[in-house]
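Every chain is named by a letter (A, B, C, D, E and F) in the order it is written, and numbering of its residues begins at 1.
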Amino acid sequence: MSEQVEMIPGNSLITKTPEEGRQLAVKMARLVIKATQPDAAVREKLRPIYAEDAAMLIAIGQVVASEFATIAAANNYWK
Amino acid sequence: MSEQVEMIPGNSLITKTPEEGRQLAVKMARLVIKATQPDAAVREKLRPIYAEDAAMLIAIGQVVASEFATIAAANNYWK
Amino acid sequence: MSEQVEMIPGNSLITKTPEEGRQLAVKMARLVIKATQPDAAVREKLRPIYAEDAAMLIAIGQVVASEFATIAAANNYWK
Amino acid sequence: MSEQVEMIPGNSLITKTPEEGRQLAVKMARLVIKATQPDAAVREKLRPIYAEDAAMLIAIGQVVASEFATIAAANNYWK
Amino acid sequence: MSEQVEMIPGNSLITKTPEEGRQLAVKMARLVIKATQPDAAVREKLRPIYAEDAAMLIAIGQVVASEFATIAAANNYWK
Amino acid sequence: MSEQVEMIPGNSLITKTPEEGRQLAVKMARLVIKATQPDAAVREKLRPIYAEDAAMLIAIGQVVASEFATIAAANNYWK
């Protein structure tokens, strides 16, 4: 896994803005799933399952919140 | 996704008051769901499902708590 | 939602004591649910469901712990 | 609720040792459940349900870990 | 409970190495379960249930991650 | 368990880059599962279960996010 899938785009947690930090959080969350399930066809099959399931959408929100907490701290909250 | 959906209103974590910070936490949590499920009709269909499900309401509370923790730290707890 | 429901009583995270901070954590957790499900009748219907369900009671404990972590940090742990 | 149930024994997060801090974390987690379900008979009925359910025992572990993180920080990790 | 079960081996969060800190995280997570379910026979019965259930193994990973975060901070990340 | 399974490769949280830190987070998460379920055959049987289940993939993302938060703090966010 470690060689095929890049897990942090740009290899940095530093972003110019909170918005970009949030985008990075979403990408990092997705790349863990990609690393765990490298088969794109399976991931595509799963997409409508979680995208139409309220509980899973909430759970995705939780993961993004956690990734974003780290990114926000890394950027000293863009202050 | 990155271009269609704004993920942090105002592109800042800084708010005047804790109350506004809490509102931002709720909005940020919702925007992740919007980015993951861009179809407004599907989101509307899901709303009564989670709004009448105790476990999902609690899970939403967890996400908002996590987002708020980051926003509160960014604002040095409005001290 | 943002205008109807107050999300942080007193609009402050600062409390005199840990006990009051804990009470605030509980209230903040409840107000997210109130904002998400504004219909008091529905919330009343859900109360016995979560209050008699061990897994949901534990999940509520998790949310309160998370809110309290933020409040405790805001108060420098009342030291 | 705020008057009937004490939520933090001793109204302090400060403890002499990590072990006492851990005990406090367990108590604080339990007191949230007590506040949410004040009926002792119901709580007694729920006890064997969660105590014999692996998933719920793990979830309790998560709550205690979260409460303890706050207590440990409050005590500067007893260093 | 508070007298029968020791919850933090050695009554300290300080360890010589990250590896030992990780071992402590696992032990602390287990001791919460032991305190909640003191009957060793029941715990033994539950072991194959969670050890062969992917979702529960992931949930255990979450608890250990949380305990370890506290221990790592206590040790200033062994720097 | 403590002697058979190494839980932190290299016995250090320090990495050269965020990408390596992320890889370490994934490995640490996996090693908890390995320690809890030491039978490789069982783990192999579980792999397709979680890798094709959207909810479990999201839960894995949550664990990795938590481990990474600790690693990122240990490395002062590679700043």
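Quick notes on this one:
Just so we're on the same page, contacts are C-beta pairs under 8 Å (C-beta built on N, C-alpha and C of every residue); 3 or more make two chains touch, one makes a residue touch a chain.
Bear in mind the structure is a predicted one, so any value in this text is a computation, not a measurement.
The minimum number of touch steps separating chain B from chain F is 2. Ranked by separation of Cα centres from chain D, the top chain is A. Homomeric contact chain C/chain D is classed as different-residue, with under half of its interface positions used by both copies.
Separating the centre of chain A from that of chain F, both taken as means of CA atoms, is a distance of 16 Å. The distance from the centre of chain A to the centre of chain C, each centre being the mean of the chain's C-alpha atoms, comes to 27 Å.
For chain B, residues touching at least two other chains, in rising order: 50, 55, 59-60, 62, 66, 69, 73. Under the stated contact rule, the graph of chain-to-chain touches is a ring, a single cycle where every chain has exactly two partners.
The residues of chain D lying in touch with chain C in their complex are 1-2, 6-8, 11-14, 28-29, 32-33, 35-37, 42, 46, 49-50, 53, 55-56, 59-60, 62-63, 66-67, 69-70, 73-74.
Note for the complex: chain E touches chain F at residues 17-19, 22-23, 26, 50-52, 54-55, 57-62, 64-66, 68-69, 72-73, 77-79.
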